[in-house]
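One structure, as structure tokens, below. Some questions next.
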Amino acid sequence: MAKEELMNYEQALAQFEVVIGLEVHVELNTNTKMFCGCKNEFGNEPNTNVCPICIGLPGSLPAVNKRAIESSIRIGLALGCEIAPTGRFSRKQYFYPDLAKNFQTSQYDEPIAFEGALEVEVPSGNKFNVLIERAHMEEDAGKLTHVGGSTGRIQGAEYSLVDYNRAGVPLVEIVTKPVFGAGAEAPELAAAYVRSIRDIVRALDVSDARMERGNVRCDANVSLRLHGAEKLGTRTETKNVNSLRSIERAVRYEIQRQAAILAKGGSILQETRHWHEDRGITSSGRPKSDADDYRYFPEPDLVPVQPSREWIEELRATLPENPAERRKRLAADWGFSELEFRDVVNAGLLDQIEETVAAGAKPQAARKWWGGELSRIANDESKDVAELAITPAQVAELAGLIDAGKINDRLAREVLGFVLAGEGSPAEIVAARGLEVVSDDGALIAAIDAALAGQQDVLDAIREGRMQAAGAVIGAVMKAMKGSADAARVRELLIAKANA
Amino acid sequence: MSEITPDLVRHLAGLARILVTDEEVDKFASQLSLIVDSVATVSKAVEGDVPATSHPIPMANVFREDVIEPSLTQGQALSGASDSADGRFRVHAILDED
Amino acid sequence: MTDLTRKSASELVDLLASKQVSSVEVTQAHIDRTNAVGGAVHSYLHVSPESALATAAEIDRKRAAGEALHPLAGLPIAVKDNLTTTDAPTTSGSKILEGWIPQYDATVVAKLRAAGMPILGKTNLDEFAMGSSTEFSAFGPSRNPWDLDRIPGGSGGGSSSVVASFQAPIAIGSDTGGSIRFPAAVTGTVGTKPTYGAVSRYGLIALASSLDQIGPVSRNVLDAALLQDVIAGYDKHDSTSLPESLGSMVEAAKKLDVKGMRIGVIKELTGAGFQPGVQARFNESLALLQAAGAEIVEVSCPSFEYAIAAYYLILPAEASSNLAKFDSVRFGLRVTPEGNPTIERVMAATREAGFGPEVKRRIILGTYALSSGAYDNYYGAAQKVRTLIQRDFDAAFAKADVLVSPTAPTTAFKLGEKLEDPLAMYLNDIATIPANLAGIPGMSIPNGLAEEDGLPVGIQLLAPAREDARLYQVGAALEKMHEEVWGKRMIDFAPELEVK
């Protein structure tokens, strides 16, 4: 495949205005499929979570999963959408072997939710208000495996195998209105938007929301037009963007690719493109000749969904705090600098710090331990911080012991290690291992004397104001006391001795 | 006459994935023209604001609980298939080899 | 013991319950009858004598042991071959399903089995229930027992002929535009299309989902009532299933009283276009009803002018979608063209070979009716005509308790007579179609013979949605009046079939 020409990114933005649109499919975490009672579960033997309904046997009829309706309404509410007083299912018709009935039961002109908005913040700190056109329910298709071709992809395959375990799994498709004015940050905005959706559906507990598992899938639409032009440019839709990073890269690539074509006087083909993460390019997908004529009509086997106002309000009451709102609140409560707060968010430590503060720690202390030592340990062990064997309550306890002067930083790090090794809570470990800071002045003075043995000139130096000498003695005392001395107290006692 | 031309019949047969011979195309075109002419009257009948009826007996909010029901076994699922392999339905190549 | 096959279902039920006959005897008698005359009539596509006798024997054993049994236990029955049965092939009259053994029983079939009713076999129908004569069955037409050169009606000509020729006491049919009622009229039998949603469609191979309904086929009204009481009822597998019970049809059929009832004659379904004998018998029945104390009123339903047009847009549209699943992948025929075909070509070749001309015609018409650009004028407009028809019925039922018309314009025509003229074929359903469009129940009962050809004619009764009981009340009363006038049951006028 010949590599397509790209225009320099800054140049492209100088010449063109970027418009993006995002379609995100969220796979719901219901127990059963959208229209039948088969298990909604990943990883089973092929065609074992199937029934007459989801493999489209003649005579079968769909029955709507109530929990899927609830999840869809909650997603709509969380996105600030109107919930339709009447929603209807429609048949979207096309032939493909992964589609058991050769139509997908979806929603067309009466989706369950519409007209919402989501505030999305990009890494630079800029905020965008992304308008949501609609959120609707539909069912997933089965899984095709292509056999015989060299790459396992569809081109050149001899035959294909179909597994319908995934057919009928409930999906919610969220469609934005065209997003204007993102300019150079369009790629970041696209990724940040999808991350927000992911965070929201995770917080709602309606989806496992793991992009790498396909629980959240994104199709990115990109079009360019000359600055000040009224008409929208022709858009392309890029599929197979499986990670936040891919979304950013794919959008950026499309901007550069389209700009190169337009600058030469060419025109953009309206098509679906496929993102290749390994090569960092999009390629032309199969042209869909009858793609435009899905011959939608209302699904006759299902009756309308008319959620009552009471039910909607009941569901609204189950919504957790909107992540953006929550971040504002925590930022204000904790008093971090903007940079500090952003670091915490980017490192995914909001939950941990919030819980640690709730257990009594000061915000800065919580931030220091989670963002510092614990993140370092997690990194070393190639783990997620959340997977470490320590609880926010224990971290709070640790910080409390420091505040009370019972241990110092160095001892705290030791104690941390023992907590992670499963020896118990910080307080238990300090007691069991005798790791308390020595606060007995007598013991400290004895240690100072021992360290000073044969070094009278040190005291002279200290008296004369040459404090470097003090450092060596303090260091020796700390070493002798195995770090359990309070360095500040040792220093005080040393200076007092020198001036005595 | 009506808008059902042989070309349209071929296009529709394509959308519906039915192979049609030339003879069938012509025959269908003339038969369907007659039918379409006679049914074209419906659009006149409903001038004005008449709502559509998709369901003869109005009902709404028919749901089932999110509870697992027994599935078919793999063997049962595949029992009607012309061709299967590795527990999956087997179909011919989806694209022409280019 | 007189010939058991000449007894009505309710008579057989009494004989079985009082242990005067065994189920094996009754079942065997009908199997013998089929062996004698079955070939000439061709009602069955598949017979299951072994399993029917096994069920019969099991019921006899239980009855002898004093176990509690369903009232209809041991009464054999025939089932239209568009209902799935796990122990017999289900073809829907089509080559594309030849030999298919379903993996699940239709809900109605499960109910018959739970009641302990031996299933004698699967009856013939026009392919996918599209037709009025069974001439479009891929396996050859059925014949009218009154005249073997004539059609038995369609699509359910197998069920009507099996009952009319005494090969089964009762049968199950399905009705989308008259497929139970038209065959009943031309074979001198009884057939009911219940209110839409009264009987579960789960397991009925769908033709037009918003029009299809399953119903009883019998030789008299009480037998149909017995059967409707068994098969009706809410089913969670069918989202269009009525949650409430419609009461007992048997009780309604026993009332035998029409005093004070208002009988509405539909102006648009009389006069020109109706064969003289059909019209004459209809008028005579009106006189009988009046003499029995009913009030005859005239009603007008002007929107019926568009009923056939609306029907022949809605049905093909929904059918084209319902039949998309027949694509060689999961079940049914697969035709593999020469060379290295793609799945698209295999699908197209399979559907070409597997579907007959009427089915293809309707799929193409339906695809057109749904296509973008045509939708508003065709399918969309037809759905609006339904509203007008419902409004006309509402107005009519304000003036009458039950509406009546001749069931069909003509008596049974000869095989081959209307095959090349689809429009002429469609006109058979002119009186029956409006009930399906509106979802209201309709029944056809025998209404005498037309003097010009000596063939059966039917009278159609219509009631408001959910008022099926009124049909049984009026139908049974009129049937009794007929017997008093004729001196015998309608079916006793039928010529004897030559026994092999």
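A, B and C are the chain letters, set down in written order, and residue numbers restart from 1 in every chain.
As a working rule, contacts are C-beta pairs under 8 Å (C-beta built on N, C-alpha and C of every residue); 3 or more make two chains touch, one makes a residue touch a chain.
Just so it is clear, the model here is predicted, and its values are computed rather than measured.
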Q: Taking each chain's centre as the mean of its C-alpha atoms, give the chain farthest from chain A.
A: C
Q) Which two chains have the most contacts between them? A) B-C
(Q) Quick check: how many Å separate the C-alpha centres of chain A and chain B? (A) 41
Q.
As a quick test, compute the distance in whole Å between the mean CA positions of chain A and chain C.
A. 58
(Q) Rounded to a whole Å, what is the gap between the Cα centroids of chain B and chain C? (A) 24
Q) Touching two or more other chains, which residues of chain A qualify? A) 52, 55, 57, 63-64, 95, 97, 160, 162, 293, 295, 300, 302-303
Q: Among the residues of chain C, pick out those that touch two or more other chains and give their numbers.
A: 100, 103, 210, 236, 239-240, 324, 327, 329-331, 343-344, 347, 367, 371
Q: Check each residue of chain B and list the ones that touch at least two other chains.
A: 15, 17, 54-55, 59, 62, 64, 72, 77, 80, 89, 91-95, 97
Q: Report the residues of chain A in contact with chain C in the complex, numbered from low to high.
A: 52, 55-64, 91, 93, 95, 97, 100-103, 160, 162, 292-293, 295-297, 300-303
Q | Complex interface listing, chain B residues touching chain C | A | 4, 8-9, 12-13, 15-20, 24, 28, 31-32, 34-36, 38-43, 45-46, 50-57, 59, 62, 64, 72, 76-77, 79-83, 89, 91-97
Q: Enumerate the contact residues on chain A facing chain B in the complex.
A: 30-32, 36-39, 45-52, 55, 57, 63-69, 86, 88, 95-97, 144-146, 148, 154-164, 286, 290, 293, 295, 298, 300, 302-307
**Q.** Residues of chain C that touch chain B when the two form their complex
**A.** 100-101, 103, 195-197, 210-211, 236, 239-240, 242, 303, 305-306, 308-310, 312-313, 320, 324, 327-334, 336, 340-349, 351-352, 355, 357, 360-361, 363-365, 367-368, 371, 376-378, 380-388, 390, 422-423, 436-440, 465
**Q.** Residue ranges of chain B in contact with chain A within the complex
**A.** 14-15, 17, 54-55, 59-74, 77-78, 80, 85-95, 97-98
